[in-house]
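A, B and C are the chain letters, set down in written order, and residue numbers restart from 1 in every chain.
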């Protein structure tokens, strides 16, 4: 007994010294890229650019590593040091890093909290670099405009690398069986959700995101129903508590429990996507990003289809334009030239095309639009066609307000659950939401 | 009582022994703890960085008008109470079972370790898979056994959400009590058991009149530590319910960490932490006093 | 006579039934974790719940180990856990010994301080601790994690160790000192051998805490090659894709060292705890 324990401990020690041997020598010195940068100008020395991916996953990390390998082959003097962050904790990591002054050189940002990070004043304005970049003209102007809105000074802090599009994913077999077409209007949507529900067989028409992230998607649907992109009126007051919005919420939440699973009240992405992929729900609203998970769930690219959100009664299609992910540069970056090279590499045709083809999202570089893969993917085609329609207007979510994150997580998301459970009315929720938005907007406009 | 070394010419000895511990606390905890107290008196919100500065007790004033604070404090109290009591009772029963001599006892004891050894990241994902309304193990099992006819939304139902979350955490907490109490039980001299048999005591009498009193200090200590741990631990609730629906499972620690780490309001978050600190201090003091920890039994 | 026999039988059946209920409760989620780790992704999120994999696959293990970089994470976690255990044990023995064997001024205050260190959740202390290690030029260092884990876990273990030391009669040390041993010599040659079970217990408790620690590893390490297992596991839970299969496989891999350690110290652990826990 004693002997075997000793052997085990020895084995553990041996393994750990191996880990130690490879891990210890570079401790500290490489923590910041500065060490590498000091000698970066000398010939043959590599410059290191640290880079954080805000939504790591087994596959995404592999795609990034491929792009990084290509980039390093083309730029032998630059080394990209990749770090994958799990999406649910990425914002916390950025907040801590900013507070401690240990940000990476380049960071991936997600539209739902990009403004929170940028608003703290530690991102480098990229306007001058962008103006002198030869690839600038190929970037989609609409996306660039949105990036400018992320901070109230109107400067550019994030370069978009990928755009998303909100889709209504449908289960083909269930629609066929019910003899239904994909809903084109919201009324059709509500009717379809009811018609596709067959509780005895464990089938529901729809699935509502009631848990984390519920507010961010709900506001998009509200404006899609209202058919307007005016979130604040000319007096700076939020329009979210309009009668139409109340009407929408009442209809929308009437689906809960009747045409959706009951657990939706605390369901976040992982639950609602599982509902769709496992054939529990016939319809599911998310964005292009869940494509890969549907391919896994349906065992191939067949059996599910992407559609745009329904069109408003006034005939307008409201496209959520803010669903961007992109890269920013932090002020701790000492070799901005190299960092900018990496950022623009991700925006340039080749990498932008490969990246978005791999993750199944919309490129931000217009040169990619001619690429073959874009024609081949149904959900991408759906996004392009919809955005080309004459009745399409673009709406920007108030996610750019600095307080947005704390308002939604602290007050709105729990209130949405109260409405779903019947403890609060739709009007009460929207009035409350409007009050918070008004205050946040006034702060935003004040200085 | 055992002999203790009396303070004498070598009275620097104990301090020498405690020096490393004091070093670790001073080096890595004193300053961080002090900052929490410091920030609780500051306005420090990354979304309103212009207002940064000393505000006195302003954060605490806001706190007493904050409904969510009181709600989350209540949820925390309920959570700690339910968790510690259930884990203690179940852990103790399990320990009493495993204290008996029977074949394969060693294997059973090893099994009991399992829930504790598994990484928290997986524990929470595993239970969210088990509880899932449509693809979960629990509903499928209960339906196949004929107990349920329709799927239950364990985490989406106001009536079951707290209980379901609590059961998952109980699962994780049983090993701690089971093992600690089991060990304490084994230390009870065997002749005591024989004496009970001679006196004609029943098994239950032996447990309640002889064994439990001997476990008193173990129980007081482990429940206290566990209570603090359950108060501060949020990973499981966060994955299972995100604090919902409508704050039903939002504990004070969860509210506090969301406020500061996610939303960047370090000032208010720190004020919540300071209140939590004093709540726990008060609780520990009263608990140790009332339970008579360390006093010899009659 | 028969009534007594019947009573005994009923007791046995009741005992077995109760034990069975506990084992089912404890093992069901474990079983589910194992089964999930052998299922392909589509089967895991299928409406038809299968109690045994319809398609039995090792793909999750292969991918977790190679593609997700678990072999590296495994080594890093092992480093942190092994050194963390060493630090925690040394500190706990010293502190526990002092708190039990000596009478001195400030003893109760020190006990209270040990308790107070547990009152504020680690999450609230991240930024200042981060700044400390930044000033020490120890960011991205696995050793920094050893220090942090030690700081957070030794107080609890010291209180336990105090009980273990208390369970051992002081007279054996005294006897050794009379025989000419110094105090430290007496501790080393007489007390430590007897204290082995207690040390095994602390080591096991410390190992689990360090091995599964997520928050500080996530916050302090910004180099892919130095990530730890729990951080690697969490990275499988992406916003657009959750790989339950690999997560389960990764967790099964992660639990192996802990179980090996346990099966070795199990006897010591249980025997050891007994001497400590009674005195508290």
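To be clear about the criterion, contacts are C-beta pairs under 8 Å (C-beta built on N, C-alpha and C of every residue); 3 or more make two chains touch, one makes a residue touch a chain.
Please read all numbers here as calculations on a predicted model, not as lab measurements.
Viewed as a network of touching protein chains, the structure reduces to a complete graph with every chain in contact with every other. Seen from the C-alpha centroid of chain C, the farthest chain centroid is that of A. Compared on C-beta pairs in contact, A-C and A-B come out with A-C as the pair having more.
If you average the Cα atoms of chain B and of chain C, the two centres end up 15 Å apart. Chain A and chain B have Cα centroids separated by 35 Å. Residue positions 134-135, 261, 266 of chain B each touch two or more of the other chains. Contact of a single residue of chain C with at least two other chains is seen at positions 45-47, 126-127, 234, 237, 242, 267. Counting partners per residue, chain A has 92, 96, 99, 202, 270, 274, 278, 280 as the residues that reach two or more other chains. Of all residues in chain C, only 11, 15, 18-19, 22-23, 25-30, 32-33, 36, 44-47, 49, 90-91, 94-95, 97-99, 101-105, 107, 110, 113-129, 132, 147-148, 150-151, 154-156, 158-159, 163, 166-167, 169-171, 174, 183, 201, 208, 211-212, 214, 229-230, 233-234, 237, 242, 244, 247-248, 250-251, 254-255, 258-259, 262-263, 266-267, 269-280 touch chain B in the complex they form.
The part of chain A that touches chain B in the complex is made up of residues 91-92, 95-96, 98-99, 116, 119-121, 199, 202, 210-212, 261-268, 270-271, 274-275, 278, 280, 402-403, 405-406, 409-410, 413-415, 417-418, 420-421, 423, 443, 447. Those residues of chain B whose C-beta lies close enough to touch chain C in the complex are 2-7, 11, 13-15, 17-18, 20-21, 24-25, 27-29, 31-33, 35-36, 90, 93-94, 97, 100, 106, 108-122, 125-127, 129-130, 134-137, 140, 171, 174, 179-187, 203, 214-215, 217-218, 220-222, 225, 228-229, 232-235, 253, 256-257, 260-261, 266, 269-270, 273, 276-277, 280-281, 284, 293-294. Residues 41-42, 45-47, 63, 67-68, 75-76, 78-79, 82-83, 126-127, 130-131, 134, 137-143, 218-219, 222-226, 231, 234-243, 246, 257, 260-261, 264-265, 267 of chain C are the ones that touch chain A when the two sit in their complex.
On chain A, the positions that touch chain C within their shared complex are 1, 4-5, 8, 12-13, 15-16, 18-20, 22-24, 27-28, 30-32, 50, 52, 55-62, 81-89, 92-93, 96-97, 99-102, 104, 202, 269-270, 274, 277-280, 289-290, 292-293, 296-299, 359.
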